[in-house]
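A, B and C label the chains in the order they appear, each numbered from 1.
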Amino acid sequence: MKTNPGRFFEDYRLGEVIRHAVPRTVGQGERALYHALYPARGALYSSDEFARGVGLKASPLDDLVAFHTVFGKTVPDVSLNAVANLGYAEGRWLKPVWPGDTLRSESEVIGLKETSSGATGVVWVRTKGLNQHGDVVLEYVRWVMVRKRRREVVVPVAVPELAPVVDPGALVVPEGLDFSRYDFDLAGEPHRWGDYAVGEVIDHVDAVTVEEAEHMLATRLWQNTSKVHFDVGQREDGRRLIYGGHVISLARALSFNGLANAQMIVALNAGAHANPCFAGDTVRAWSEVLDKAETPVPSVGALRLRLVATKGAAGALRGPEGKYLPEVLLDLDYWALVPR
Amino acid sequence: MKTNPGRFFEDYRLGEVIRHAVPRTVGQGERALYHALYPARGALYSSDEFARGVGLKASPLDDLVAFHTVFGKTVPDVSLNAVANLGYAEGRWLKPVWPGDTLRSESEVIGLKETSSGATGVVWVRTKGLNQHGDVVLEYVRWVMVRKRRREVVVPVAVPELAPVVDPGALVVPEGLDFSRYDFDLAGEPHRWGDYAVGEVIDHVDAVTVEEAEHMLATRLWQNTSKVHFDVGQREDGRRLIYGGHVISLARALSFNGLANAQMIVALNAGAHANPCFAGDTVRAWSEVLDKAETPVPSVGALRLRLVATKGAAGALRGPEGKYLPEVLLDLDYWALVPR
Amino acid sequence: MKTNPGRFFEDYRLGEVIRHAVPRTVGQGERALYHALYPARGALYSSDEFARGVGLKASPLDDLVAFHTVFGKTVPDVSLNAVANLGYAEGRWLKPVWPGDTLRSESEVIGLKETSSGATGVVWVRTKGLNQHGDVVLEYVRWVMVRKRRREVVVPVAVPELAPVVDPGALVVPEGLDFSRYDFDLAGEPHRWGDYAVGEVIDHVDAVTVEEAEHMLATRLWQNTSKVHFDVGQREDGRRLIYGGHVISLARALSFNGLANAQMIVALNAGAHANPCFAGDTVRAWSEVLDKAETPVPSVGALRLRLVATKGAAGALRGPEGKYLPEVLLDLDYWALVPR
């Protein structure tokens, strides 16, 4: 058979490195589409002039363009037979992605554990996104539940130890970045790093009702080919599941209203796609400041933010038994760089 | 509170200049999206070669890309609490916008007048779009009805005097533009400036049925964040209002059929969004030649055009009491440059 | 009348060459949109680095971007009054289209034949796509059934002789193309030219449910203005007919799964849009290897492929009377270049 049936749980070997297919050159077109698909307004990713004003050579592609592009390449090898996308950890953005860069992805299998049912197993991979110079621009750990082909196969258990949060000392400030002449008027809000307090919660006010065409355009743009996003025949209810990363980008873009100066994502500490999102849902977002840290660059601070997307009003996250309430779509924990 | 609640009527001061946020670099991606979103076929904006053949260095971005980009930036400061977009005047395109240019916007408050109800007021602003060199590429006056926060506040009345039409002597022909070797075959129609007569009406034949995903992609592309365009919870009828500028671009693109040589918009004399447009509406357009003028460049003439978009058949504009008929969406008055 | 009513059958003259309007510069934006509109993953069209690795100066625009752009320009002159798009033959891609190239189209009328009803006639045209240097990048023959304005007009019959398949000796391998250091990991599949057997059938597994916004964005992007694709008022059933080329691109992109190394389309032997496609249809595809050929470049082989798109399961193509079954959308016959 010449087509790709996807890997099953017992097809992964601990320590194996998978070179994912289809490198991708990203540029002005992907930038424009990102702005059409999401209400993105971060000045650093919108304007070459603004980016030069903070020490970069030009406006890089949005951090999430890098993430989605790198992630999309892993789908045929990692999640084609996945039952669930369980989590993220130890994500770090190491270099900006510039228009014209070509990205490819590699994943190392770092953990394997059969589930109690015997029908599935959890696979942990550490994925790296590399540019045309071989520099790692992004890395993260992701774990998914994958079907077994045959129940009786026994796979040795290996569960990786993962940091619950990326240490602020490990955050990489892009070369040259300097917020000392940051233009707060043009950025859209006056709030500096010092204006945010740990525990502060921000309701991002705006909301977007999602259409089928939009999430499919986005998901194809990242060359993510998981059938559930495109084919109404994949689910019994005839609905197309929206790619979780689409909700991440929607929520991040909505968070501009209150976090306009949380310019660059530099780490992904954790993330859960709490409930599925479908066309017709109206997505809102709120953020909580979880922590604050300095960086080696005096004008640049870091905020650790929880970003929550819901399809109802902002409110409680979890029900009595600790489970996410049905209106919660996303619970993401990340570090962003903010002017001090 | 860190989020933007928008300005209310009493927050504006006569003479105040607002520097709007989020500068934007526009380029090849925005051009491609413009062609995907609208049935745009103007040769000058489609082909670098055609543009060079008429004396420009390359194909600029469509005049309405410039307009929507500049307009979008004003929304958070001018129309977030607007009840209605009342009119445009004195609009002039002063420089082409080239791929790679970065646009930002500034608005001066030039008029304020409370409405008789005491609950709202009209705000007039003169908005300028500037490129990265600080050159004004576009300017126009717009007035909107904005909610008051508190009825009892008294704001001094100042109503600006606005020209009913931009004087043809004030039209700016882009540097180098020369239609003397204009290729009418490649442009798509043989009609010159001299072939159009004042009073002539052209039905543009084609029609487009609008989808939700399309107008939201467009409106986000211009970073216009007005909630009514995106969130079904904003109106009691659960419908998303289509950004008026989307209708302007649709109608202008449809007008190719009969006005293929009305290449460049150089002035906006007036405009009314007569009735709201919603997804599912089928938009048509017709034009009337209102006036003709020469320009300092012998090969370049100007036509003053009324562009009307409807969601029914072309026909009467206004009912017995002078109100727009319900099928009229747009009534726009502009000057365009045409080969002589 | 200033608008274009389209040509009727008796308006065509044998041997006449029509220079089609609206040249178009294509680039990074069109590439990004192509990836958003179709699940395209061919490495050669996704990555500049991959393209350089096989001897090209950069990643060209997808062969079907060239085809749709050239085709779109012919619509106002060839198919505005067409009743049906009957077939394609003798299509050849002669030069890659690079970002920044400007394309225009010319068609020569090579055949005319009235149908027995007397109300319509078949028009054959040979269309050429030319770049800014005047090089032909693509040529193909297409024939359509066009309405007559007046039944009584007699048009002399001239039916062209067309090759049933492009001779493999006439296939043009792009200058510099060399698959000897082809990276099969990055391309996504290990299968070489030698691994495919004549008669082999590949079910491409994936499926895409189509939305109205998507096909309209695509069709506008190619500046194809045929009303039936955009205006719900054009058909009695109120449905918008999807541009046949949209189905070609969908099917070609789906065929990645099993034909990831069938990188470049170099000839179009034949094609039938067997049944109309509408929004809501879920499109699948399968391919059959019809023939194999060597090329003058030792590392480059050619496969002649039949690409069939259906809106149901893959299965029989034709019913008892030789007619296409109602679920068949497309039956395309083309040559593609594959590493040996």
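The rule is simple: a residue touches a chain if its C-beta (ideal position, glycine included) is under 8 Å from a C-beta of that chain, and two chains touch if they have at least 3 such contacts.
Treat the numbers as computed from the prediction; the structure is a model and nothing was measured.
Undergrad: Same or different: at the chain A/chain C interface, is the fraction of residue numbers used by both copies above or below half?
TA: Interface between chain A and chain C is built from largely different residues.
Undergrad: How many degrees of rotation bring the Cα atoms of chain A onto the matching Cα atoms of chain B, given to the nearest 5?
TA: Superposing chain A on chain B takes a rotation of 120 degrees, nearest 5.
Undergrad: At what distance in angstrom does the C-alpha mean of chain C lie from that of chain A?
TA: Averaging C-alpha atoms per chain gives centres 36 Å apart.
Undergrad: Which chain B residues touch at least two other chains?
TA: 27-30, 32-33, 211-213, 217
Undergrad: Show me the residue ranges of chain B that touch chain A in the complex, using the header's touch definition.
TA: 2-4, 19, 21-25, 27-30, 32-33, 76, 100, 102, 104, 132, 211-213, 216-218, 220-221, 223, 225, 227, 230-233, 240
Undergrad: So in the complex, the part of chain B that touches chain C is made up of which residues?
TA: 27-33, 35-41, 43, 46-50, 59, 185-189, 191, 195, 202-209, 211-214, 217, 257-260, 282
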